[in-house]
Structure formats: structure tokens, C-alpha cells
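Shared chain: subunit A. Partners: subunit B in the first complex, subunit C in the second.
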Partner chain A sequence: MSAQENPFGDLIREYVAECLPLAEAVLERCLRLERFWDHGEPGDELLLPLKGELHTLKGNSAMMGLTALQGLAHGLEDLCGKLTLQPQLRASAGSLLVRGAGLLVDLIREAETAPATGSEADSYLAEARQFLESSETITERRTDDRRTTQRRTTRDVGEIGRDGAITTLRVDSARLDSLLEAFGEVMIAQAGMRETMRALAPWRRSVGEVANLELSSLALEKTLKRLEGALMQTRLVPIASVFGRFNRLVRDLAQDREKKVRLEVAGGETRLDKTVIDRLSEPLVHLVTNAVIHGIESAAERAQSGKPPEARITLAARQQSDRVLLTVEDDGRGLDPDRILMKARALGVAPTSESPSLEEIYALAFLPGLSTEDQVSSLSGRGVGLDVVARSIRALGGMVQVTSQPGRGTTFVLRLPLTVAVLPSLLVSVGQERYALPLSDVAETVRMAPDMIHEVAKRGMVLWRGAVIPVSDAGQVLGLGGQPRGRRYCVVLRSAARHRGLLVDRLLGHEEVVVKALDPVLGRPPGVSAATILGDGKVACILDTVRLADLHGAELSASRH
Partner chain B sequence: MTPPTFLVVDDSKLHHQMYGLVFNKGELSGSRVIHAYNGREGFALYSTHPEIVMVFLDLNMPEMNGLEFLAKRRETGLRPETPIVLVTTEDSPDDEARGLAAGAWAYLRKPFTPAQLLALVAKAGAGNGAPGAR
Partner chain C sequence: MTTLKSETTPPDILAFADALQLGASAAPKTEAERELHLVAFRLDQEEFAVPIAKIREIVRVGDITRIPQAPPHIRGVMNLRGRILPVVELRTRLDLPVLDVTSHSRVLVADAQGRTLGLLVDSVAEVVKVPEKAVVPPPDDILAANAEYIKGVARLGSRLLILLDLDQAVIQGNSNSNSTNAP
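Right, the complex of A and B next:
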């Protein structure tokens, strides 16, 4: 019976909300048990609560009419029961248990959209039965009533306050989005009001009402700022929801490569905007996959260099003012700076300086085609390099850096904004148009003079802090025309490895703009990522500095005169 | 006629929502449901709300399970006539027997349907606010 025909079918979302975290906890516990058993430890203290959790999952699935899930939870509960009674089976049962728990997580995650048909669960259950039968013939059965009658005594009640009042509400994220959108409109109206107040300033002294209006406007602005903060808070989700997936990934990958890897996770409670969280999973998967496959040496290699056989990968998160710092660290072989530099020279993208710093060299790893040696070809057959990781992190308004100690390990540091709904920007003008540049991409702004642009190999370059950086003209890139040498400012943008300049006419100041997605009907103009509405109600485009960098060379060489 | 008050003791929020669906519909709409998320909290609410006409008590719970709840009521002698339904699963017949021995009025196995729940309420005569089994 599908959940739709069940009398409680309408509660399917609530079911997933309650059962998915529970199933993930089950999986986590099974992974820990597997490790315990690998090391010959009994892990009894994990088995008992595990049975309790499976029991709850079974009951809840049964109530929803999700028979495949009910059967799977029941089978796993049985399996745990047998393993409680027959410790000698444990050593060979770990992977079976983990796979079952993984299936449980998957089926619950899909319960709302694609209810399980039962075939996957059935074949798993058949396998579990077979395991138990084959072991039954060689082991004598023992019973221990004391253990089976013990029951679970603690469980996190979580979202319910002590007085029984509900302290946490689940709200459809679409509702939060519409709230945010309405708030965006308010901010725009407020910005318009601020401009009017500026125009009225001369009458402040003579007309009392103008002064009062100004005070009210300031108070309103302050409150709106608080409202903004509170609103952003509602969109923040603990990063544990992303971290939770990695135990299994690391375990499966390591098993596949015959490596021993322990995943350590810290700071799972750190909160990030839901949109950031949603888009973070993929780059993190690349980094962790990379670490297991390439970063960590084979068992033999580790033994040779005197490292412990079990490698370690650490995923950690912490908040640092309005940013979140994520680190992916491994204790593997580290990056080889000479090799990166050699490759960069071969590709013609090496830094101009004679003896680049380690930092500069490691930054090169994020350039397309530079993820060293076999990385690109063998990354799960997906051909994904670090440039893709860097690109998706930067698309979120974040930054990624890597440091490494050869032979000791590699650390990737991701700096992410708490939110992507409001973007701190630098407003610039080019001709009659205004544009917003993400402030996180802006390294510096430089006042220009016509003779500051040099031509090197037919490309425009400027000297900036002792280095020669390529520049492009915003007017050319964005199709607005105008003369590069006539622009008054150069905005120096951080890009993956080297800085680049963007020539603009005027700097209009810093502003926190509310990001509005572009209507797909409009297509995506080159170099533009989104739009915003400014204080005067006019639309400004938010520039995508990563794509802008791609448009660079060709456009500028075409603009030579 | 005062609408009846029910006490639901269950550690699963989902189950509370399910009871809510049943108790807020049809002839029982308007009835009041007091929610508790473990036995200890449930017993505290039971002792402070004499208007409760019927209790739905989950068997497996943290901090005082269903059987311990029943033992506590017997020990305190608090309103022994109020029907308590012990909510169980198909694999705990021993616990069902123990529950009835400890003073449960009936047991209800998961998965149950709204009709089964309503039938128990009707049987207990709790739907019109009159406490106690007939």
C-alpha cells in the first residue's frame, strides 16, 4: 500500500522529517559498530539503542503503510537481536548491517517522492536471512533473556521544550523565500526613502516635520537591519546535514581502494544558509573523494613512511564573524609544489615572478587542467578537477585555498558567506549602467590614468603591487562600448590563481544588495549572475566575476586600437 | 456537553500528529488532546489533569515506558477508572499481557487505523466526555 492510500498519508513529510534523522543516526551507529567489530570490540552499548531506534522506525513506517520500509526496519531489528545474542557473528556482519542501514536512509529519503517498491528491501532481507542461516549451522544458539528485555531508556526529545510546548516549527522553505522576497521589496522602498531624505536635508532645520521624518526613517532602518538578521537566521541550517553523508562515502571509497580511512567530523552544529548548504555538498564530495583516492597513500606506502596504517580525513566547520570556515584535511602524501609548477609552466599559466611562493604555487592547483597527474582522469570517471570545486565555491561568494606539507597531508580551507540572499557589493558604473560586484571578489580599487594600461602580447595589462595583471574593459565585455583608456577606475578582482583588473567609469560605493534571480526568459547575459533593485527602483545586474574572467582575453584583444 | 480531553503519551512527534488527525475530525472534533513525549512527563500531566477521559500510552518510550507508567498509577491509586490504552507492536505479546495485568484497559497494536482508534474511544464511552469504561 502506498502512503497516499494510507489514512495518515498526508503526514508523509512529517514522517520523513522525523524518520530521516533517526535513520541517519542508525547508519552512523552501524558505521561505528563496524569499526568496533573490525577492532574486535563488542560494541554492546551501541547495539541496544540501535534496536530501539529500528523499532521506532518500524512502528512509524507501519503506521504510514510503508510496508517495504517496515519490513526492512524489522529485518534489521531482527539482525541486531541475533547479533546481540551471538557475538561471534559480529566480526562478519558489519558490512551487511551498514548496507542495510544505508538502504534504510535512502528509502526514507525517497519516501515522499518515490515510495519504495520493496524489491531492494526484499533482496537485502533475503541476503540477511542467508547470512543468519549459514551462520546458524556453525554456531550453537545461546539465549540471554536479560539482554533482550532491556529497553532503550534515553532518546533525544529535541524540539519539544520541557513544558511540552512546541519550541521548533518546521516551515516550508518556499514560505521563507517569499518572506525574504517581500523583505527585499521593503529594503528597496527604504533605500528610496533614504534618498528622498537626503534631498530633503536642506529643510531639516526650517521644517520640524522633516527632522522628525528623518528620525523615524533612521529608527526604521535600524529595525529593518535587525529584521534582516532575524530573517537570515531562519534560513540557517546546521552543516551536519551535509557532513552526515560522508561517513558512508569515505567508508565505501576506502574499502574500494583497499585503504583504511577514518573520518573525523567537527563543528557539525555550525549553521549556514540553506541555499549554501544545498550547493555545498557537491564540491565537498569532490574534495573528500580526492582525499581518499589521491591524497591518502596505499597501506604499503604509509607503512614505508612510518605513518599509522589508518589514515585520517577531517571535516570541520566553524563560524568566523559573518563567514563560515570549512576545512577538509587529510594526513596523506600532500601536494608536490614542483610538479604543479612544472605543469603550470607547460600550460603557460605559471606566475610571472621568478620564484613564486608556495601559496602562489598551490593556488595554481585550482586552474583548469592543473589538478595534478591522474586526478582529472580517474576521479570516479567524472573528470572533475579542482577548478570545478573552486568555481562552485566562488559561485557561492566563497573562496577556497589549499595548503600542504609534502608527506604530511593537505588542507583545503573553504570560506563561505553565511547567506547568499544578501550580497555585500561594490556598486560601479559603466557608461549609463550600474553594476554590483560581489565584495568578496574585490581585492582593491585603483584610480587609473590613460597611460597606465600597457599592452603585452596584445593584451591589456596593468602594474599592480609589483605584478603585471591582465585587465579587461567592462564596457567591452558587457557590450556597452566606450574607451578602455578613458575609464577612471580599475577594480582588481581576485580570481582562482591570479588577480585580474576590470576597468569601470565610477565607483558608487558599498551596498548590501538583495539578490534576485534572473528570469530564465531573459536568458543569462554573459558575465551576469543575478540582478538587484537599487534605491531608486532601477535594476542593476550583479556581475559574475568568475565568468567575467573567462570573457577576458579575447574581448580585450579585440578592443585594441 | 464539554468536549473530552485525551492524553497521548508517545515519544514520536509523528504519532502525535496522527492522533491529532483522528481527534480533530468527525464526531471527536473539538476534543482536546494533551501531548506528552515520555512516560514521566505523561504521568505528571495525568496527575494534574483530572479532566482526562482516556489515555493512549506508547509502550516503548524513554524516561518511564508504558509499563512503568501503569505501575506508577497503580502504586499511587490515581483515578484507576480512567481507561488507558497501551499502544504496542505486533511482536510484544508478553508486554501486552503484562500491560493488562498492570491495569491497562486495552491494548492497540501498531499499525492501527483511525477506525480502530475511534472504536476504542466509543467502547470506552469517552467520546461524549464521560470518563471511565461502561
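Right, the complex of A and C next:
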């Protein structure tokens, strides 16, 4: 970042970038081993590669002069070696191994900011030594020669692992970001060119150069599309890197709550844009934490309802056309629709219809204030509600839904875009301003006449496909003024619970806009998720349509009192 | 393209280059004659100034897009060669009435607390050198309410320049409005 940084900083960053995923894989393996051993299975197929990985970590740490880490990796490698030779020790060694691997991950993660002093590693190593000494057995002599052959095999495993990386380049993600940013600017310039071409259209016949220019512009557009695709490909990262952290989280949380929980992971190879991956971790941690703490019942409760004592949480990912579907599923007690509805009524945000569908009720859980109260727990102050989860998913251009069967479990479904750089959107105008609405939120657009808006309970309603849907006026919501009845179009927006309408003046057409984040100095305005630069060089806001509708609902209920 | 319209105009470039020149030659001086290099601009009836080192460039005002529900001291955002630049309404900060953009209006592209921001001003006067000792604390009666944004006052012949604390003017307001802006 700054000029005075030494070259060692780069080296250590590279070290962390390389070793952290490896250490996380080690931890993951140890967690699986622990479960194997708990069930009395040997797990030899996991132990072997583990030693190879630890060996690599030891070597890399030694190269960086990180002696504490080198010592820890060495100690763990040693421990694995002993466990390979003495299967009878395994049953009691699981937790020791997991803690060691956890420490390894933590120390590597901190290597850049706060190099390990060694005291933590030392005390762990002392503990490991003690464990081994206390269980020292007569097998020692017999296994000496087997040990040497063992060493040779593990070294081989490590080298094979390294060979596999020849065709892969390690690139600093900041470079990819600046590449993407530059590409975004090219796209904007190109949009400006397209605008000019449109203006030149009348001269196409009479001036040959105009037609030629148009052809070149089309060719450029095609190439840019391909470039975009290639660029997006380079940014895709398997989601396993996020999933990997959850084994430990679930294990620690479950242990803390005296619950037995098994985490199942599927589709870890599914790829998503790095930006999405980076910002996905937090909402996922929140959902999984919720599942362990609130979703899954106590052992006694589970026994009473005839469920297996070990609960299950499933994290799964799969691609569906240009979206990725992520599910977080538990087999716990499920959501209570009556309670949600009761709370929603108390907060004055309940749906207007007499008998709301289950889907509508569950969608309420994502409103601010509805889930928070229950979520406040002793757990590291993570007492945030589902509304925060929903907001961060929406900020990524995604959507979150929940379904539940009382007594059987809860499933959260997150729909995420593959990429966040370009957003297919509908451009609309309201007064003098133009806005981009994510196309994925738009169900339909309807031409309006003044008498089509009805007032029900002080709320504007429109009849759409036989249903009555609430509408809000974009001018009013965005603070621009103007008359709802004067608007010419209604954009029908999809949302988890029900469709809503947004009244606008004009539809300007579909456009793939380049998403640009807003500076925090702008105060995170609700209803605006990002901004973009249009073909004419002017900035337009990208609206967070769901939040916008929520806002409007809140305003109305406030004015009622 | 339209972005070109918001480019620095030639006189501004010259002024800016002059300023850089001055900045470069001003290296070793004694305590007594140390000078401040300032960009002076006008807001309402007063002349204000900020250190030139904080200003990246001075541009004409492009199309400014309003951001719904943004803090009151934010005029909006504008396109600065493909980047989205937040534009701070300094008038609001100093309790002055908001005006329409005129042909004299300029945006100072400034660095404040590690970010790049635009400052909307009525007009830019010039780049000036002021001896450090000519700067005095702001008089009590001057803009008492905005004391936190004002570092001092510099006398320059018969002129009075009010030295703005950019970091305060931009960032502190941000934290204030965050709390009032919460839904």
C-alpha cells in the first residue's frame, strides 16, 4: 500500500496466500479424522496426505523464518507420524489434532500483521509431547523400520501436489480488480459511442463512413462481450474456500451448546465471482450459526420427537444458468409461522391480506426487527437479524428465501449472480432523473392510466393479473415529488413475499450497466445499492428495489400514527 | 464524449502547474519565513482556502446526480473520467444557502482522509502563498457554529482567507448524518 513498505511484506503476503488455503485444508482433514475416530474408523487415507501437507507448511514457514509456525507444523507432522504407527492412540487424539490445526490456521492468518511469538505454539507442543509420552508403548522398537518407508511415501505425496500447479498462475486479486475496473471504463466509453451512433443513424445512407463506423462499432461490441466472458472466468473461485471454514464453526458451536451436529457439504466446486465469495462468508456464517443455536433442538428435545440424536446441517451450492443457488438446510425445529405473524402484527408490518400464505409469512422474517430479538445470544455479539443477511445478499444482486416445515427443519435458499461487475437492468426515468432497476427484480411493466390506481387502507393498489398489488410512487420514495397518478408506467417487481409496483415516468430500455460501488461518505442510502455511468456520461443510481418497497411501507405506517 | 466537458480547463491547468512549481521551490526555509501554499476559493461573500497538497485537480462542474437519502451536505455524485466522485456541498456545511451551479462554479477534487472527494465551490480565485505566521486562530465572532471546520484565518494584504479543515468538513459530517439517516 504505502511506499515505505519493505519487500518482505510482499513475500509474507505471498506466503499467507499460499499457505492459508493449505492450512485450512489441513484443518478440514483433521476435523474429518476426528469424526472418523469418534466412530472407531481408522481414516488412514486421510492421515497420509495430511503429513505431506504439514511437511509443505513446515518447509514454507522455515523459508520465511517463521520459527514458531515451523515448529508447530513439525510437531503436528510428528504427531501424525505417531498416530499412523499407533492406531490405538487415535481415538483419544482427535481433539488435540484439531486444536493444533486450528492454531496453525490462526497463526498463518496473523503472520502478516502479528507474527507469532511462539508462546501459543510452544504450549501446544508441550501438550502434544505430554500426550505422546503418557501413551508411549512397546510398539516403538517394532515400528522403527516401517517409519522410514512411511517418510518416503509422504514426501512423494507432497511433490505430486506441487507438480499439479504448473499450468496455474497465482495472481494478486487486486490486479484482477484493476483489470475489471479498466474494463468497466471501456464498457462505459463504448456505451457512449453507441449513443453517438444512434444520433448518426440518419446519415447512414448518405455518408459511407457512418455505415463503416457502425460496423466497426458492432465488431468491437462483440469482442468486448467475449473479453467480458473471459475476464469473468478468471475471477471465478470455487465456493469450497468459503465452505471450508464451516466444519470448525459448526463443531465449536455445537460443542459449546452440547449438541451433536454433523455438517454436510455439497457442490464445493461451484464457482462464483471472487467479490461474491468474499462477501458471502458473513451472511453464511450468520445463517449457519443461527441453524446450530436456534434451529437445532437440544438432545432431549430431539429424542422426544423421535429424531436421530445427531442433527444435520447441509450447505450446498449448484449453478442454475447464470445464477448460483446456495442452500443452508437444517433438520431442526423449523420456523413457527404463528409467532412470526404475531410479531409482524405487533410491529405493524403484517401483510394486509386476511389469510397470508406461508410463503408470505416466512418472507416477513427478513424484515428489520422480526428476527433480531430471538437472535441475540451470548455468541460473540453476533446478534444481528435476518434482515442484515437479506440486505447483504441483495447488495450482491442476489435474493434470499426461506421455507420451513415445523418440526422438520428450515431451508434458506440464496440465489446469487455469477458476477457482480455487470448488471442487466431496466433503465427508467422519474422526473429529471434516471435509475437502473436490476432486471432480475422486474416481473413485468404495465402502461398506466390515472384511474388504474385504487386506494385501499391509504395505500395505493393496482390490479395486476387478477391480483391486487401495492404500488409505491418512485418520485415519492426517492424524494423527487410529482404525482403518482401522473406516472405513465408501473414496473411490477418480484419479491419473496408478493409482487409490488413502482410507478415511474418513462421506460428507457434494457441495458447492461457496469456496477460501481458508492463511497461510504454518501452514508449508505437505503434504496440505492450502487451506481453506474450511462452512455451519455451521467451517473445513475442502481436501486435496491426490495429495500425501496420496504421503505415506503414503513413511511405509510409511520404517518398513520 | 461528455466526460471531456468536465476536464480541467487550460487556465486552471496553468494555475495548478504554477502552484506545483511554487511547492517544489519552497523547500529549505527558516521557521520564520515558512509559507503555506493554498488554493483560495469563494463561497458566498467569503474567501476560503485549503492546502494545495490536498487538491488533485480543479474541474468544471459536470452533471451531478442526486443520491436519494444521502446526507444533507452531499450534493450528489459526478463522473470523473469513469470514476464516480462524491460531491460535497460546502455551502451546506457552512450554513450557507444552496445555489444553482453557474459558469464560475468549480469542483475541487480533494484528498480527505484517504478518499477522493469533490468539493463544490462558487468559484476558484487563485493559488496563493501565505507566510505561516500570518495565520491566526479564527476570531470568536466568525462563524461560531462552524468553528470545528475552520483551522484559522490568514491575512493576505487586505484580504482575509478562512482556512478550512477538509477532513473535518467532510468526514465528521458523515458520521453525524449516518446516525440521523438510519432507517
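Throughout what follows, the second predicted complex is superposed on the first by the 408 of 561 C-alpha atoms of A that agree within 3 Å, B and C clash if a C-alpha of one lies under 4 Å from a C-alpha of the other, contacts with A are read in each partner's own complex, and residues count from 1 in each chain.
Just so it is clear, a contact is a pair of C-beta atoms (placed from the backbone, for glycine too) under 8 Å apart; a residue touches a chain by one contact, two chains touch by 3 or more.
A quick note: this is a predicted structure, and the numbers were derived from the prediction, not measured.
Look at A:F366: by the touch rule set out above, it reaches neither subunit B nor subunit C.
Of the two partner chains placed by superposition, only subunit C is touched by A:K516; subunit B is not.
Once the two complexes are overlaid on the shared chain, A:Y489 sits clear of subunit B and of subunit C alike. By the document's definition of touching, neither partner reaches A:F243: not subunit B, not subunit C. Once the two complexes are overlaid on the shared chain, A:Y15 sits against subunit B while remaining clear of subunit C.
Taken together, the subunit A residues at the contact with subunit C in this complex read 184-185, 188-189, 192, 368, 433, 477-480, 516, 518-528, 531, 533, 536-541, 551, 554.
Touching subunit A in their complex are the following residues of subunit C: 1-3, 62-63, 65-71, 74, 76-79, 81-84, 86, 88, 115, 117, 170-171, 174, 177-178, 181, 183.
Those residues of subunit B that touch subunit A in the shared complex are 11-15, 17-18, 21, 34-38, 41, 45, 60, 62-63, 65, 89, 110-114. If you check the complex, the residues on subunit A that touch subunit B are 7-8, 10-11, 14-15, 18-19, 52, 55-56, 58-60, 62-65, 70, 151-155, 157, 159-160, 164.
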